[in-house]
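In the two complexes below, subunit A is the common chain; its partner is subunit B in one and subunit C in the other.
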Partner chain A sequence: MEFFVAQILTGLANASSLFLVACGLSLIFGVTRIVNFAHGSLYMLGAYIGLTLMETLPGHVGFWGSILLAGIAVGLIGVVIEMLVLRPVYRAPELFQLVATFGVILVIQDLALMIWGPEDQLGPRAPGLRGVFRIMGEPIPKYDIVLLIITPIIALALWYMMARTRLGVLVRAATQDREMVGALGVNQAWLFTGVFALGSALAGLGGALQLPKGGADLLMDFTILTPVFVVVVIGGMGSLPGAYLAAIIISVLNVFGVTYIPQSTLVLMFLVMIVVLMIRPYGLFGREEVAGEHGQVGEPEEPIKPASRQTRLIVAAGLVLLALLPLIGSNFALVLSTDILIFCLFAASLHFLLGLGGMVSFGHAAYYGGGAYVAALLVTWTNTPMELAFLLAPFGAGLAAIIIGWVCLRLTGVYFAMLTLAFAQLLWSLVWQWQDVTGGDDGLVNIWPSDWLNNNTAFFYFALLFSVGGILVLRHVAHSPFGYALRAARDSQRQAEATGIDTQRVKLLAFTFAGFMGGLAGALFVFSKGSVFPNELEIVRSFDALIVVFLGGVKTLAGGVVGAAFFKGVEDILTRFEYWRLVMGLLIIFVVVVAPEGIVGSLRRAARRIGLGKEQPS
Partner chain B sequence: MQRKTFLKAMIASAAVALTPVLASAQDPIIVGEINHYKRMAAFAGPYKQGIELALEQTNEAGGVMGRPLEFIFRDDQGEPGEAVKIAEELMTRDGAVMLTGTILSNVGLAISSFAGEKGYVYLASEPLADSLVWAAGNKYTFRLRSSTFMQAAMLAEAAAKTDAVRFATIAPNYAYGKDAVAAFKENLLKLKPEAEFVAEQWPALFKIDAGAEVQALERAKPDAIYNVTFGPDLAKFVRDGTDRGLFDGRDVYGLLSGEPEYLDPLGDEAPEGWTVTGFPWYDLTDGPDGEFVAAYQERFDDYPRLGSIVGYMTVQSIVAALEKAGSTETEAIREAFEDLAVDSAMGPITFRSIDNQSTMGAYVGTVALRDGKGVMVDWEYKDGANYLPSDEEVMKLRAAE
Partner chain C sequence: MLEVNHINSFYGKAHVLRDLSLDVPRGKVVALLGRNGAGKSTTMKSIMQLVRPQSGSVMFQGQQITGLLPHKVAKMGIGYVPEDRRIFTDLTVSENLVVGQQPPREGAVTWTEDMLFDLFPNLAERRNNRGKALSGGEQQMLTIARTLMGNPLFVLLDEPSEGVAPVIVEQMARVIQQLKSEGLTVLLSEQNLHFAQAVADMAVIIESGERAFHGTLAELNAQPEVRDAFLAA
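Let's look at the complex of A and B:
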């Protein structure tokens, strides 16, 4: 009994930071509809700024004052981010802003490294709170008790603000229908800025408040990101009580998980999330996404059409040039081009899902890495010849996509995205943990192609054939009746249903097909590198693809491929410099702000302005 | 810095390309170094300084075979796929004669597999995974640093000398953590068959829930605890464990916990009394390691970390191999590495031909507080050669060959 009480208290204390960061994210999403990936970075900044302040300000007042000031400082940083980076792109396609926030992550990572140095920093103790209280004989750190008391107070203050103040009324109104709030004369720009600042301040506060239990390090931005997203989704995006309850559920369950099933810590929270979303598709306290989000924000998409003769000629010339590369380029040029080709296919498969299907997947790496692992496992455990393993890999990935798609497609929008993320994480945990079969983090090595392919030139042609072939197939499908049905289901589910299209089936088929193509890219990857590790299933890999698709242009057929080629090439050059993440982050933000339609979309517009290409009848 | 090196390398490789046959005495010998300079900045930085110090000393003394030695440093972002691409570039475009580097085991394994397939020599400087030289070993991959198995065996030896019987373990939930626990168990049970393991905790890497882990360990009432957590996880574990009295009256063994990289961030909360492997540079005054420490402090106005001496020994090993080979041909270098004896900063070490593992050892000691900082006292340098499995077992482990 004593042990249980002690464990519950530990869980509640752990929920503190998680709640603060999560409710900030939830607020921001509720009002601005921005999925703020940089929220973990704001949390990290809160920790570092708090730490610096605590070193200068003495005593009790200094300690608690530092925490408060850290929150305020991060709130101000939030204002800067919102005004410089996000404000220009509110009218961009749905979820485009998340790419901008990803750029912010990279910038903050390098800035934090420059300012605070690479070494982990241990947080100072809260003055007078070293040691433990004995509660029913069990030792509980004093600071845990303080957290237990502070968190509900902050939660209550937030509740009061939301329920009883004018700001709260506006925030709630905007969460429900932001167009209406705008129509009633509320200055939306400042409301958004204010809410973003508040959410950021809460993240900063969470970062500073956890200092006495840990410290500050450069990895903490990504470490907190997944649990925070899980909490927000379980609670219901935009709901504060939901975030509070979910933070407690996750933290307490985690404490019991640690005791009774110590190996479970990686998967527990994702299982909880999947179960909750199965029963309540919009989280515990979330509302169904309202009609205001119907269709797509920004300019309507142009109907797709087959490439013009001019474009075909250019592409054909480019392909011929690529095919001649082994004659003119160096050995390394071949290796780099192979990498880029593979990544292009991966991005194109996500683009198909995202652009044509309107399904934003945050977990597309599951099929890319999944395909790579299917091939690697076949080779390692059954000595399957390379050619057969290569052919089976996309089918394995497609199979995974059918199962995951079948579950996820019950949801839409952000919840769908989060569920795909949860499944990708489950797959990753499985591979990471099942060391006897998958090699865990040590991966599977010595997965080389057959002798006839085992040189850079041959493999380059192999990758060229399958990548370009795959991309052409994806493009062809877009123009087929199936492609039309898919876009109909995306733009107006109701009307599509009325014309007799089984939209659920069409979407599931598209999901599976995209997974299949992702798996093909993964199979190419594993044989080009000779090894595969769980990295290929990680969230970061999913984001890589997501970012290039958005930056290339969601609403253009070539967006995925162009974005992938451009950014993979730039990355190869940039990583040779010391502060490449800073430059890469700024570049991403720059593209987002200057070219909200993506590279291809903006180029097309520019070309039309100077009289090239045909004007679209409006 | 990196940019300059890169530009220099570009010029150098352009020069090599222009005069492909006539390698004059002035052309540098290039070694490709791949590491996670951003992802693991706190570790890679001191490591790189160790390399730079050794390079300066080598080149002042006339270089290798009359030619200067040069490293090209490249960042792989901690991604195995990137590392393989860079490895190819270093070998085929930049004219590197061999590869070295990496801290993360998975990246090391990826380069090792690539090196084995393409026939490039790879000296894995820092990755710890046992499989690098055993299950996944190949004849082109050599490893310098004392592996997980060796360091765990040293701690198991210390643990076997006490009367502790009930052991609990806590290790991050991934390959390194699992290998470290398995090696500790294997070695401890060999020395002390009556030992029993009463709890095994597996926090997710860098996501430890310290309060819960401490409660779970306390509940098992062990006599001794074996810790494999490191970095931010270690800090949280130590703080919560100290607060809740977990370490009172218990022996604790900490793998790598004594390395300055992990011990220094703990400040005055360093866990006194833990038996750890690490690097007590503050007590090294004479001998080759003392000379290294003095030279390093003079050169960089900073103290060395474990990574620094590993970087330094990496260059020493490569220089020794090149001198022995008398050539920059891959096969010659590979053969030179087999049974290569190096007078390193940690004393004489040998690259065993049976599994390509060096016999570099580790310092084992007890954590104490000195001037508000954690240090190792009563430490002893343990020669790695005594903590490796028997030759028959190694042959079994390297079955793939």
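Let's look at the complex of A and C:
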């Protein structure tokens, strides 16, 4: 019993930072409709800035003052990010902004590395709170008790602000219909900046508050991001009480998980999230999303067309060049081109889902990594011949996609995205923690192709055949009746249903097909590298694909492929430099700001402006 | 007070308003009449700059407002009451009014919550109810009250009689007359000719985004063939 109470108290104390970061994210999403991927980075900055301040400011006042100042500093950083990066892209298509926030993550990662160095830093103990209290005989750190008390106070203060002040009323009104708030004379730009600053400050505060319990390191941005997404979704996007309750649930669960079933702590969190969303699709306190009802942004989409003769010729010429590469290129060029081809197929499969199906998946790595692992597991444990394992891998990924899609498609919009992320993370944690079978962090090695393919040239042709083939199949499906049905379901679900299209079935099929193709890319990947590690299933891998699809252009068929080729090539050059993330991040932000229609869309527009290509009939 | 000069507005590629001009003199109520889809709401949104006209200009009190952001337009003293009401359903009646609140404006009535509850007694009883709990008529009153909290000089009133009970329509007419007597200028879009005749001084008829008639209501009544050609019976 005593132990039980102590566990709960520890869980409650741990919930503190999680709650602060989550409600910041939730507030920002509510008003600006931006899923701020960089929220973990702001939390990390809060920790580092707090640490630096604590080293200079002495005593009680110094300690608590540092925490407060760290919050304020991060709030100001939020203002800068909002004004420089996000403000230019509010009018871009929905969700495009999250690409910009991903650029911010990269920039902050390298800036933190430059300023604070690569070593993990231990947080100082809070002055006067070094020991433990004995509660029912169990030792509870004094600082935990303080956190237990402060968090509800902050939560109450936030609740008061939201419920009782004009600012809070405006924020809630803007969450529902920001265009109308503007038409009533409220400057939205100011409101957005204010909310972004507040949300950032909360993240910074969370980062600084956890210092005595943890510390600061360069991985904490992504470490916190996943549980924060989970908390926000379980609680309901935009709900403060929801975020508080969910933070407590997750933290307490985690403490018990570590004690009783340490192998599955990561899995547990996602299982809870999946169960909650199955019962309450919009989280504990969330309400149905009405995004897009009012204040829809972006121009109506141009219908996609089969490639013109001109384009076909260019593509054919490019393919011939690629086919000649082994004769002219170096070994290195072959390996890089193979990587790019595989990544293009992976991106094209996500583009199919996102661009044509309108289904934004944050967890597409599940099928890419899933395909890779299916092949690797077959080879490792059953000695399956490479050719068979290669063929079975996409079916394995497709099977996973059917199951995951069936669950996720009950939801739409950002909840759908979050749930796909949860499933991807679930797979990742399974692979990570089930060491006996998957090798865990050590991965699976010695997964080489058969002898006839086991040289760079042969495998390059193999990858060329399957990647280009896969991409052509994806394109072909886009122009098939199924592709029409899919786009109809994306643009107007009700109208599509009224014409006799079973939209859920069409979407599930598309989801499965995209998973299958992602799995094909994964199978190519594993045999090209001879090994696979859990990071192929990671959130970062999903984001990689998402970023290139958005940057290439969601609304153009070639977008995914062009974006993937461009960024894989750039990445290869940049990673030779020490601070490549900074440059990559800035490049991403730059593309987002100057080319909000993506590379392909913007090139097309530019071509039209100078008189190339066909003018749209008006 | 408000001059719309030769504006052209588009939704994507659809040309909705064609070279539309109209004039709203200070202190008058002008009815913007026309069938469903004629472009009435688009005209309202084009004045508010929620839809940006691609050419032409909108002048308010001699100042160019084309191209301004909607909140700047509102700050100049133009109030907008949208057709689909767009009240904040998760907020209470009082909170909805708080969103609309703006500093006092010279030349306009400075509205308070209590004054608006006098104007719309039904809302007073429901001040702590959430927007989604209100009836259609109450929502319509709330959307007008919310706009008045901004102390406007001029109000765009988009189909206030649509979808509300006849008894509420009568009440709306009385409210508009009262507002007019207090000096408010109104551009009112309507399909209901009887309602327009009860409150308006002048009328503009649009058909397929083009102006088909403008003049006083008396002139319109003198030309029944115009009335019958462009308005539903």
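Assume the second predicted complex is superposed on the first by the 611 of 618 C-alpha atoms of A that agree within 3 Å, B and C clash if a C-alpha of one lies under 4 Å from a C-alpha of the other, contacts with A are read in each partner's own complex, and residues count from 1 in each chain.
The rule is short, and it goes like this: a contact is a pair of C-beta atoms (placed from the backbone, for glycine too) under 8 Å apart; a residue touches a chain by one contact, two chains touch by 3 or more.
All figures in this text were calculated on a predicted structure; none of them were measured in a lab.
S.K.: Put subunit B and subunit C onto subunit A via the superposition and say whether they clash or fit.
M.R.: Here subunit B and subunit C can both sit on subunit A without a clash.
S.K.: Angle subunit B-subunit A-subunit C between C-alpha centres, in steps of 10 degrees?
M.R.: Vertex subunit A, arms to subunit B and subunit C: 160 degrees.
S.K.: Contacts for A:G131 in the overlay, against subunit B (first) and subunit C (second): which applies, first, second, both or neither?
M.R.: Touch partner of A:G131: subunit B, not subunit C.
S.K.: Mind working out whether A:Q188 is in touch with subunit B, subunit C, both or neither, as first, second, both or neither?
M.R.: Only subunit C is touched by A:Q188; subunit B is not.
S.K.: Per the overlay, which chain contacts more subunit A residues, subunit B or subunit C?
M.R.: After superposition, B is the partner touching more of subunit A.
S.K.: When the two structures are overlaid on chain A, which partner does A:R166 contact: first (subunit B), second (subunit C), both, or neither?
M.R.: The second partner, subunit C, only.
S.K.: In the superposed arrangement, which partner chain does A:D177 touch: subunit B (first), subunit C (second), both, or neither?
M.R.: second
S.K.: Taking the superposition as given, does A:D491 touch the first partner, subunit B, the second, subunit C, both, or neither?
M.R.: In the superposition, A:D491 contacts neither subunit B nor subunit C.
S.K.: Aligned on chain A, what is the least Cα gap between subunit B and subunit C? Give it in whole Å.
M.R.: For subunit B and subunit C in the superposition, the minimum C-alpha gap reads 38 Å.
S.K.: Would you pull the subunit C residues touching subunit A in the complex into a rising list?
M.R.: Result: residues 12-13, 48, 50, 69-71, 73-75, 80, 82, 86, 88-91, 95-96, 98-102, 146-147, 150 of subunit C touch subunit A.
S.K.: Where on subunit A is subunit C touching in the complex?
M.R.: Against subunit C, the touching part of subunit A is residues 166, 169-170, 172-173, 175-177, 179-188, 287, 294, 299-300, 616, 618.
S.K.: What residues on subunit A touch subunit B, complex-wise?
M.R.: Touching subunit B: residues 3, 6-7, 10-11, 13-14, 110, 113, 118-122, 130-132, 139, 141, 144, 213-215, 217-220, 223, 227, 254-255, 258-259, 262-263, 265-266, 330-332, 335-336, 339, 432-433, 435, 439-443, 445-446, 448, 454, 456, 525, 529-531, 533-536, 575-578, 580-581 of subunit A.
S.K.: Which residues, counting only subunit B, touch subunit A once they are in their complex?
M.R.: Its residues touching subunit A are 1-3, 6, 37-38, 41-42, 45, 74-75, 77, 79-82, 84-85, 88-89, 92-93, 105-106, 109-110, 112-114, 116-117, 129, 131, 136, 173-176, 178, 200-204, 206-207, 209-213, 215-216, 219, 231-232, 235-236, 239-240, 243-245, 264-267, 269.
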